[in-house]
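So that you can tell them apart, the chains are marked A, B and C in the order they are listed, and the count of residues begins at 1 in each.
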């Protein structure tokens, strides 16, 4: 009786897993099939999924999520330095630490809602960034960034009799080196697990409670809910996702720098989420993939590439076109990011998922007019709820089926 | 004692900048109900107005002087700014006074930018939720700063104060204080008083203040409040822009100065009380001075790094103890 | 007086020197329907806001079932068994109708804040079947899976009422539940409220429509200018010259 929606979710998860694991083959045609980039897809996918649990479900717009990413990275590198080059302790420590960090920041920020919350999270992230650059240099190694050295103690590795200090150490997962394809598959499997957990949250009473908070926090009070513990949990879970992503960045490339905590990085994850569709399950992963893919392509472009790209144009026109396009590529990637940001907010507030749903006309999906009113459900999810209800209300007389 | 006085003085100019930016932020929020994350970028644009004017005035012509040769035996290139060759000493003077001159140039430019921004973008976001306003202005801030980075590069571009006020004044034996900072302080005070007088003593200002209290009622009186709010947005833009122009001799402008100041100004607004103009100004100066105290060696040796986080700490304490801010109206933004 | 569910004692509320409420003493008896009437600006909604914890009284106490309500958060007061319907429906606009009703039930089962991440709403048969039942009762059975922003205004009001009813409150506060309704709708609402009343729920209703007041109320309190000017059974109120002057008179003029 209740099986249908669960089966749908499992199908969604299986399809997701299949696509991720087959990623190297699927993305071959668009030239994205190399491990470094795919690792980024997976890692930022996790980051965006986590951000979406906060923003998509509760509507609380955090502008400081990069701080948790940075904390995760630093924690992971320290774990490599002090404990072991194995990825597991690094990830565990990073997730716990970023969770604690989120607890502290959330305790203050969640006292306020709306713009205040955004401002506070932004301020805390900037503060963390400043500290990482200045006073905390002993921990963060300031501008140079934190990296693993041959001379690091690595007590756990020593305890298990590894030959520490012999060669430049590399991260591993019980002996499997975490670079290249193994690195991607490691991140990919973590991404699938992260996605599965987000499905569980979305479908749980907890998830529905969060959506209700987003919809009408006032009513929540008069309904007997104290919103803050729920928001706090969402914030911490979301911070832990970010910490997880940060630690994976360190696992695939064991160094951490303060620039990872900058406000542009926080803005990037916001963009990924809204581009894909805030409040949808798949949207954030899609958004992360698109952003990272184009970042990769655009950053690699330079004038000569552009010139050959626009070769078909007459000389003078080409010159102008190359000049203009040149603003957006290479170092100008951030400009593209900003433009994309505005385009999405102005023209596509529901993100790509909502756009796709409207194009496909899968279910009645009212046009989304602002980011706060995202479609909330994935194609699979909404159908599930309705079908499930059909079973339960078959006795109710004269029930007209919802238009679909 | 001297040290304390010096720190107060040091904090005043930074406080002035915070106050001017925060004033615009809270004015725009109070009237238009829009949170403008691009307000810092406007401050930065103002600073680059000064940079452009300076660069324009310094455009040089190259003359080869055959009478002199360089070490390589080629004729010596003599570079003189066009303006000097045209106007002689006056030209030199113009270059030296490029920062104050930029103000004349920046007023119309910033006003134009403000009006274009409001009519072209912000007005479509009045009815959308704050999250959308934040996101769209955030995107705009990125675009503005990246454009500036494309044009002027990533490095700070130092600007000099006019020679008349370039030096320092010895207030007491141990206190040496640059003239320009005093100029900046008076400039910001003048600008602040100007805005306050404008809001208090003109009918326009009266309507705007009434609109800040209760927008709907004013609308019902048949007053086109939106057009006035557009002008308010322009005023806020000009104020932030001028703050940026005048700040250039104190801090060499670079493309990301906008976001740095924006975040701090937001904190100022929060501390002062959202929607309270007086709160924004006093909190601006207060936090500027506080920050300058925190950066004293004596303080830093006890609490390292306190100068980096003092403002945020104050904000946290205020939020926990007095959520509506120092001078915020009761009931406004208290939830 | 022992059977008072809600007793408001010596409540004052002033906004910046303006006395919105002064010297309010009111006992709501168990299982009664109590109407609060009065001209606009009399302080009716303010009184309701004080009761649910939206506003703190400047002075005085509000006791519910012997528990002091002043200083409590709205959610705590709701958990004690006070539910409220607003003048403009406060519902979850982005959720489906059935979700709107499941949330309040969930709050009753999850008092001690369990994250409940492991379970799913659609597995909670009990919650779901009761929600369906209540919604069908109120004539919203056709809309279960619709988003609430597609509902008509009257349906939204009924939905908000359903959200309160599934919580099985001891006390139900209604703020003009029939405002802006057509006569037929109003009559339907009266019938509905009568049914609710028959289940033993204590009802406090603010209402302008005297037809509704006199068909429902066991007792009536008349507010004017922030004070109680009369109290009694409908018949007593009808004959009270002060009331006629302050309120009813205004309507007939």
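FYI, contacts are C-beta pairs under 8 Å (C-beta built on N, C-alpha and C of every residue); 3 or more make two chains touch, one makes a residue touch a chain.
Model, not experiment: these values are computed from the prediction.
Chain contacts in this assembly form an open path, with each chain touching only its neighbours along a single line. Taking the mean of all protein C-alpha atoms as the reference point, the chain centroid lying nearest to it belongs to A.
Between the CA-based centres of chain B and chain C the separation comes to 51 Å, rounded to the whole angstrom. For the pair chain A and chain B, the distance between C-alpha centroids works out to 34 Å.
Averaging C-alpha coordinates per chain places the centre of chain A 43 Å away from that of chain C.
Residue positions of chain A touching 2 or more other chains: there are none. Counting partner chains per residue, chain B has no residue touching two or more of them. Residue ranges on chain A touching chain B, taken from their complex, read 59, 61, 63, 108, 111-116, 118-120, 122-124, 126-127, 130-131, 134-136, 263-264, 267, 270, 274, 327, 332, 334-335, 337-342, 345-346, 349, 369-372. Across the complex, chain A is touched by residues 35, 124, 128-132, 134-136, 138-143, 146-147, 150, 259-260, 263, 266-267, 269-270, 274, 304-305, 308-309, 312, 315-316, 319-320, 323, 333, 335 of chain B.
Residue ranges of chain A in contact with chain C, taken from their complex: 2, 5-6, 200-201, 203-209, 211-212, 214-216, 218-227, 229-230, 233, 366, 373, 376, 384-386, 388-389, 392-393, 396-400, 402. Chain contact summary for the complex, chain C toward chain A: residues 52, 73-76, 78-79, 83-84, 90-96, 98-99, 102-104, 106-108, 110-111, 113, 115-125, 128-129, 132, 136, 141-142, 144-147, 149, 163, 167.
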